[in-house]
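Presented sequentially are two complexes of chain A, the first with chain B as partner and the second with chain C.
Then we have the complex of A and B:
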């Protein structure tokens, strides 16, 4: 009886030690997350819903009403959403095409395309933006090449909405290519061959066999790209127009140049809510797809 | 129905299939039998259009389909890994080929139900492939092919991933279906027992070449090459020397029409007979009792191992000394059948 009790106690102690080790391992990153992200974010959210009037501080959505009443802020938000959606859709379409080629292509060209598709991953955004400006900007290499072959009237995308769009697509490609290539690797050759054998052509195989089997990878890639672009700063700051602005640039200017930190906080919370909505949609789609 | 002429395929320096000719008649089940890497799956894939041939032609029902892609050929293939689409229900998997052919929905529903019924899976339509056992998944793969009514059904080691009992059960079912529906089937396997059981004819392949095509019994009784002799059924193969019209088989000189030189002699285990006197002295090493027969491993004085099969009531305990004589010997020279010897008592005594 005593021996059995002793064994049970030893087992409980071992389990407790294991649990404690697990918590200890995650304690540091969790503390960093709390102190540097969650706490300031919570404080910012609280501050945006507290208005100090003659009767003292009170809860209010006045800051948000002001944000959505401001046509300039509204335009920036809509521009950011459209720019992000268009860039994300384009990135995913190109990444999917590249991933399909990498999965089913053969020969040396596959390795070259793979290396080229991943190359932007190792180029910092500021370098990429500067290179694109030199290439696409007025009197840049692209214009010179066009003029060399007799094509004039080049309208540079630099400082237009097309500028950051090109930057986002170039900079955003590697990650979804990696995710989709990994997803496509799960689709067996026999699954494709069976469809071909039963009479299916390329389009039907892509639509009915490949695409449904990489839905999860596509959702992961979509959310990663969307969140990355929506919260970006360097590329829209370097290549985009002065107005409208992407939310990141708008926030920075409001905080730094206009010295209105509380308005910048409201813009940050609105941006956070957009990203949270995308995250919730992503989780729901993943759960639905799993079912 | 299926006519293959001079079909060849190389992978770099390796010849996978070498100028192969094969005919499969309507309603016939032909097995391509051979060891791994002999080119049988490559041959099947070239018939399906999933691999391009370097030379030769494939004709199905009189139509040359050599240049046609897989999706235009009147064939359907059952893969070793069943290759079901895991995101589709069983019914949608089976209906896929019919949807590709743009059949009316009601017709698709009727034919899918009939196909699932045919393979004993009526009522399984709404399940996902992940909810099926290995045998059920392979039946769905079969139904998916049968439903499009192919002129030739191709099966690439369809049961090799299943356990022995299920494999035996499924090949009986396939054979019964083939007879009932008059299906033309080209079936790839490396399992000689499977081939012997299921095939109307067997085409034995090795090193990219067809070694012999014939009925299962024919291949066993008259193996035309040394490879077929060793691959189909058990055969005691050993090198012998031929000199002055006699082949020296374990000290017994047997008359042959072969010219002097080396050869390989083959004796089936059931063609080794235990005798009271004369013959070759051997010692029993191991006995496997199958109930209806016993398979005995023997060792001759020079260390040669022989397998003997008997239904007789001899004392065959390990270590026992016996004398055996061959009832029938086949001789191969340069891998090809060169002579068949049926020695009589005088030959053995000599």
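Then we have the complex of A and C:
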């Protein structure tokens, strides 16, 4: 009796020790997360809704009405959204096509395509952007190649909205390919053969068997690519037009060149809010039980 | 007997050719530029080859300084990150405590912010603590970038080790510490190394945060690259690109060998 009680007590004590050790070990990175991510984001929100007037500080949306009243800022925001949405949709469409090819293709070409599609994973954005400028820029190698085969009148995408678009597609391709290839690998050949025996065509197999398998992966990839592009700086700064600017470039200029950190803070919070829908979707997707 | 050529195979090779042009073409252009002393339009290849610009770039004081400051930042931030994240990853994988799963998920949540907006928010806070333009300011902001890789990949690795192995060693009378050092650690080592390399290379090439927090005093390599890329002489930036990219490419390939594609995808919650 006493021995059993002693054992239970020892077990309870071991349980407590394990919990305490667990919290102790995860405390430091959690502190970093709180101090360097959650705190600055909250500070930005709180500080931009407090306006100090003649009769002390008060709660107000003045900074935000000022942002939306500025046609220049509004144009940058809308341009960022369109640029991001168009690039994300294109990246995912290409990645899906490649992933389907990788699932059903045969022979050596499959391995070559797989390796090529993952190549940008090994090239940092700054180098990719510079390389694309040299390749696609005016009098670049691409133009010379086109002229060799008799195609003239090349208009370089460099410093037009098409520039960052190409950069985003380049840099964004591997992640969705990776995720979708893993998802499609789970579809069994039997299921597809069975559907084919029942007379289902290619489109129907894609829509009713393949797509449901990868929906979750596709949505996660979609939100990650979207957030990645909206929150980028290097590619739009190096390849994009001077006006309109994407939000990253706009914020950097406001913060650094114009020396107006508070306005940059307002722009940052507007970016958080605009992306909130995608952010929430991402968090909900990762919280959903994995199948 | 004529060989039948499968249309799917032709389509595959066409896809491969398009990807070579679009994905490899730009990098190839930069590599050629780095060895071109003169490249006149409309020639497909340089009109004069040589190493002149390599001598120029390797002799420049700002390049040497940028490389050393970059290595110092990347090494400090990644090592600091490993010291605080790896033990946490072990706890997430092996210890039971309330709220374990939500806390692990919290590290993914940092991905839910548009990055540059978050860096702006951090920069404004750092301004007040005089961390802008300092070495430690850049190290701290880079720490944020490494958290995800350094927690999620090692957690997955520790979880993948069968607990039976550790239990067997415990039953044989080995102490917990000894089991960890002699059984757990060697099994997790490849994934730990991969996470370190990924975080290190990521930090080395990070532009956005370094630009905001480091300016104007701390100028690591990517920032130098950014300013060189706007210059008229193409070769300067091209040579720097090759100098930076070749070792990074080798390291990233190594990290890829150390872990599966599935692990990379799981590191992002996908």
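What we mean here is this: the second predicted complex is superposed on the first by the 275 of 291 C-alpha atoms of A that agree within 3 Å, B and C clash if a C-alpha of one lies under 4 Å from a C-alpha of the other, contacts with A are read in each partner's own complex, and residues count from 1 in each chain.
What we mean here is this: a residue touches a chain if its C-beta (ideal position, glycine included) is under 8 Å from a C-beta of that chain, and two chains touch if they have at least 3 such contacts.
All figures in this text were calculated on a predicted structure; none of them were measured in a lab.
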| item | value |
| --- | --- |
| Clash or fit, chain B versus chain C on superposed chain A | fit |
| Of chain C and chain B, partner touching more chain A residues | C |
| Touching partner for A:119 - first (chain B), second (chain C), both, neither | second |
| Partner chain in contact with A:29 - chain B first, chain C second, else both or neither | second |
| Spatial angle chain C-chain A-chain B, Cα centroids [nearest 10 degrees] | 90 |
| Partner chain in contact with A:213 - chain B first, chain C second, else both or neither | first |
| First, second, both or neither for A:101, with chain B first and chain C second | second |
| Which of chain B and chain C A:127 touches, first, second, both or neither | second |
| Touching partner for A:224 - first (chain B), second (chain C), both, neither | second |
| Touched partner set for A:50, first chain B, second chain C, both or neither | neither |
| Chain B versus chain C as contact partner of A:265, first or second or both or neither | second |
| Chain B and chain C, minimum CA distance [Å, superposed model] | 13 |
| Chain B contact footprint on chain A (complex, rising order) | 188, 190-191, 193-201, 204, 208-209, 212-213 |
| Residues on chain A engaged by chain C in the complex (per definition of touch) | 18-19, 21-23, 25-26, 28-30, 32-33, 36-37, 39-41, 43-44, 98, 101, 104-107, 109-110, 112-113, 116-136, 139-142, 144-145, 147-148, 170, 173, 175, 178-179, 181-182, 217, 220-221, 224, 227-228, 230-234, 237-238, 247-248, 251-252, 255-256, 261-262, 264-265, 267-269, 271-272, 275, 279-280, 282-283, 285-287 |
| For the chain C and chain A complex, residues of the former touching the latter | 8-9, 11-13, 15-16, 19-20, 22-30, 32-33, 41-44, 84-85, 87-88, 90-92, 95-98, 100, 103, 105-118, 120-125, 127, 140-141, 143-144, 147, 150-151, 201, 205, 207-208, 211-212, 215, 222, 225-226, 229, 234, 237-238, 241, 244-245, 248-249, 252-253, 256, 261-262, 264-265, 268-270 |
| Contacting residues of chain B [partner chain A, same complex] | 48-50, 69-72, 75-77, 79-81, 83-88, 96-97, 100-101, 141, 144-145, 148 |
